[in-house]
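Here chain A shows up in two complexes: once beside chain B, once beside chain C.
Right after this comes the complex of A and B.
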C-alpha cells in the first residue's frame, strides 16, 4: 500500500492520506484530478469495485466531501478517495463511464444533497422523494422540525407530555420518594 | 445479449428485426403504435420482493424496457441518525433489512468500535458470529420460499418460512426479539446464551437439514424449476465489476469474493468457511449456490456452538453510552449478508452524535441497474423469479 500511495503522490496532488485499518485507507485529492486517479486505480491498480459514492456535508467549511469507496479484489484492500467540492453551486464530474452503476449514486446525491453531475444519465429523475420542492433534505441546514411543523398538523385531541413529569404525576403520585429499582444482587 | 439464451433454451428465438427497432443502441418504443403496452409490476403485487415497483413496457408477453421505482419505504434513517446519540441509532438500523437485521447491527457497532478504538472480548465475538450466521440462515430460508413462490410453488414457501419461524424462536431466546434483535451493541452483546440453547439449536439444525432434503427433491432437482430458471438473468463475469455486483450474484458468475473469507471479521478467520462459486451465472446457478451456502451456514452454526467459550466477558469496558463521544474520523465496515456486501460508512466529528452514516446495501445496484438490464427480453412471467434470484431487498435501497 505504501508503494501505491507513493505512486499516487507522484501522479496527483495528494492533499491528505490516512490509514484507518490495514484494509482501509483514505486519500484526499483535488477535484480536477479525481477522474484521472479513479481511472488509473481502476485500470492499472486493480481497484475495480466501486462499493459506493457518497457525500458528507461540511457545513462549517462550506464544502461537501465526496467519498468514492473502491475495493481491490486481489489485495483485499478498501481505498476511499475523498474530494472536497464547494457547497454553493455544488457540481462534480460524472463517473458513469467508469462504472455502469455510478449514475445511481449521482442521482441520489443530486436529490438528497443538491450536488449536480452534468452528463450523468437520469441524474434529474427522482429517487425516493417524488415531487420534492424543498431544500435537498440531507443538507445539514435543512430544518426538519420547521418543515414538519409547516407540512403536517397535530391530530386534534392529542398532546405530548414530558415522560418524567408524566410518570411522576400519574404513576408515582402516591410514593413520597422516587422509586428505587432493586436488582437481584442488591 | 445474454438474455436471449433463455429464449433459445425454450426453443423460441425472438425476432429482433422489427420489435423494438434499435437506433444508436437504444430501442425505439412508440406507445402510440399499439405494438407495446405499459404496465406496472408493484408496489402491490405478489411478484415483487417488497415495496418497490418495476415499470415495464411489454411487447406481447416479452419485456422490452424496464425501470425500477423506489421510494415507498424511505424513512430517512440516515438523517434521523445524524440527530440521535450513538446508542439511539440501534433501534433504527435493524429496520434497514427485515429478514436479516443483524448485519446492520454488527456493522454499526463495529464502525463505532473502530472509530473509538474499542476491542470486543473473545466470547462476545463468538456470540456475534453465531448471531450473524443464524440471521443468514433465516434470510436464506425466506429467500428459498420467495424463489419457490415466484414460480408458483407456494407449498415450499410455507415449509421454509415455517422453518424460519423456529429459527426466530431461537432468536427470541437469545435476544428477546424475534424479527428485530438489537442484540449487538458497542463493546459486545447484550446477553449470554440461555441454558439449553445449544441443544435446542443443534436439534433445529437437524430438523432444518431434513426439510432441506425435501426442498432439494421438490425444488432444486425439479425439472420445472430448471426449465424456468436455467438461462434466466445471466450475469456475465464482465458485469460484476461494471455494475458493482456482490455476494451470491457475483459468486455465481465466477467471482470468488466472500467478505467472511477475503476480509474476515468477528471469528470468521478461525472458522472453516469455504468459497462456493459457480461459472454459469444464471438464476438456477444462483439458486443452487444459495442452497449450498445455506448448508454451509448450518455447518458453521454447528461449529460455532462447539467452539463457543463457556466463560468470558460479553461486554468491553465502556464509557457511559448515553453521553458517549467518539473521536473524529471516518470508517467503513462491511459484512457478508446473504445478498452480498453490506456496509456502513460512518463519520464522527467528535460530538455525541454521528456526523454522517451511510448504509451500503447490496440491492442498491442489484435491484436497479442490474435488474433493469436483465429484465429486458425476458417473459413477463419470469420477472418475479428474476427479482427473487437477484435477492432484491427494497429497504436497503431507500434507507
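Right after this comes the complex of A and C.
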C-alpha cells in the first residue's frame, strides 16, 4: 500500500493521506486530477469496484467533500479518494464512463445535496423526492424540523424521553453521578 | 329546471382531473365516489359478521413495519387462523395495513391503492410513525399523521408492534366491523375535498386522476 501511495504522490498533487485500518485508506486529491487518478486506479491498480460515492457537507468551510470509495478484490483493500469542491454552485465531472452505475449515485447527490454533474445521464430526474421544491434537504442549513412543522400535521400530546435523562432518573437515582463511558481520545 | 341547468350541476359534480394531460383526460373516470348506506339493518348486521370473518389483506409493505407481517402471514403466527389472508392486488383486498412510516413518494401509492380497493374497505395503521410521526417526526420526507390523508380504523402503537399486537389489532378491527363502526370508506367520500386538499398539499407532482377508480 505504501508503494501505491508513493506512486499516487508522483502522479497527482496529493493533498492529504490517512490510514484508518490496514485495509482502509483515504487520499485527498485535486478536483481536476480526480478522473485521471480514478482511471489509473481502476485500470492498473486493481481497484475495479466503486463501492459508493457519497458527499459530506462541510458547511463551516463552504465545501463539499466527495468520497469515491474503491475496492480491490485481489488484495481486499478499500481506498477512499476524497475531493473537495465548492459549496456554492457545486459542480463535478461525471464518472459514469468509468463505472456505469455511477450515474445513479450522481443523480442521488444532485437531488439530496444539489451537486450538479453536467454530463451524467438522467441526472435531473427525481430520485426519492418527487416534486421537491425546497432547497436540497441533506444540506446542513436545511431545517428539517421547521419544514416538517410547516408541511405535515403534528398530533398534539407528543412527549419524548431523552434516554440519558430517563436513565438518570429511573435507574441511577441513588448514584451520585451516572457512569460515563471514557473513550481513548478523551 | 332546464336541461342546461342540469348539465351545469352535473359538471360541478365531476372531478376536475386538472393535473392530467389533455389527451389523457378521456382515459380516466371523472366521477366522484359515492357513499354506500346499509340496505337493511338486519341484513347489514349479517353482512358485517361475514365480512369480519373473511378479511383479505393487501400485501403492500409500505414501511419497515411490513417486516412484522411476514411472521404473521407464515406458520409462526399464522393469521389464516383468524380468517385473514393476503392478496397481491388492491382490487381483491379489503384491509390495508399501512406498515410504519410513509414517505411522500409512498403516500402517493398508498392513496392510489386505497382508492382502487373495492368497498367495504378498512385501514389498519401500524406503528408509531402513522400516529404522530414516531421517530421520524422531524423528517422532511415522512408524513406525521396518516389520518389526514386516508381514514384509519385501527391504530396499533409500537415501534415495531409485535405480531401478537397485530393480531390484537385485527381482532379489534373485527369487533368494530361487527358493531358497524367501520365507516372509513363513507367518511372518505363525505370529507373528500378535505382529504384531497391535504393530499395535494404534500404531493407536489400529482399526475394521476383525482380519484383512482
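Annotations for the structure displayed:
FYI, the second predicted complex is superposed on the first by the 154 of 186 C-alpha atoms of A that agree within 3 Å, B and C clash if a C-alpha of one lies under 4 Å from a C-alpha of the other, contacts with A are read in each partner's own complex, and residues count from 1 in each chain.
Throughout what follows, a residue touches a chain if its C-beta (ideal position, glycine included) is under 8 Å from a C-beta of that chain, and two chains touch if they have at least 3 such contacts.
No experiment lies behind these values; they were computed from the predicted model shown.
By the document's definition of touching, of the two partners only chain B reaches A:51; chain C does not. Using the contact criterion defined above for the overlaid structures, shared-chain residue A:131 touches chain C, although it does not reach chain B. Once chain A of one complex is fitted onto chain A of the other, the partner contacts of A:19 are absent, as it touches neither chain B nor chain C. Applying the stated contact rule after C-alpha superposition, one finds that A:153 touches chain C and leaves chain B untouched.
More residues of chain A lie in contact with B than with the other chain of the pair chain B and chain C. Of the two partner chains placed by superposition, A:6 touches none, neither chain B nor chain C. By the touch criterion stated above, A:144 is placed in contact with chain B and with chain C alike. In the superposition on chain A, A:69 contacts chain B only, with no contact to chain C.
Residues 126, 128-130, 137, 144 of chain A lie at the contact with chain B in one complex and at the contact with chain C in the other.
For chain B in complex with chain A, the residues that touch the partner chain are 70-71, 74, 76, 78-79, 82-83, 114, 241-244, 246, 255, 257, 262-263, 329-332, 334, 341, 343, 345, 347, 355-356, 358, 360, 364-365, 368-370, 398. Every residue of chain A that touches chain B in the complex is listed here, in rising order: 20-21, 23-24, 26, 48-52, 54, 56-57, 67, 69, 73, 76, 78, 80, 99-101, 103-104, 126-130, 137-138, 140, 144. Across the complex, chain A is touched by residues 103-105, 108, 131-133, 137-145, 148, 198, 201-205 of chain C.
By the touch criterion stated above, chain A contacts chain C in their complex at residues 126, 128-134, 137, 142, 144-145, 147-148, 151-155, 157-158.
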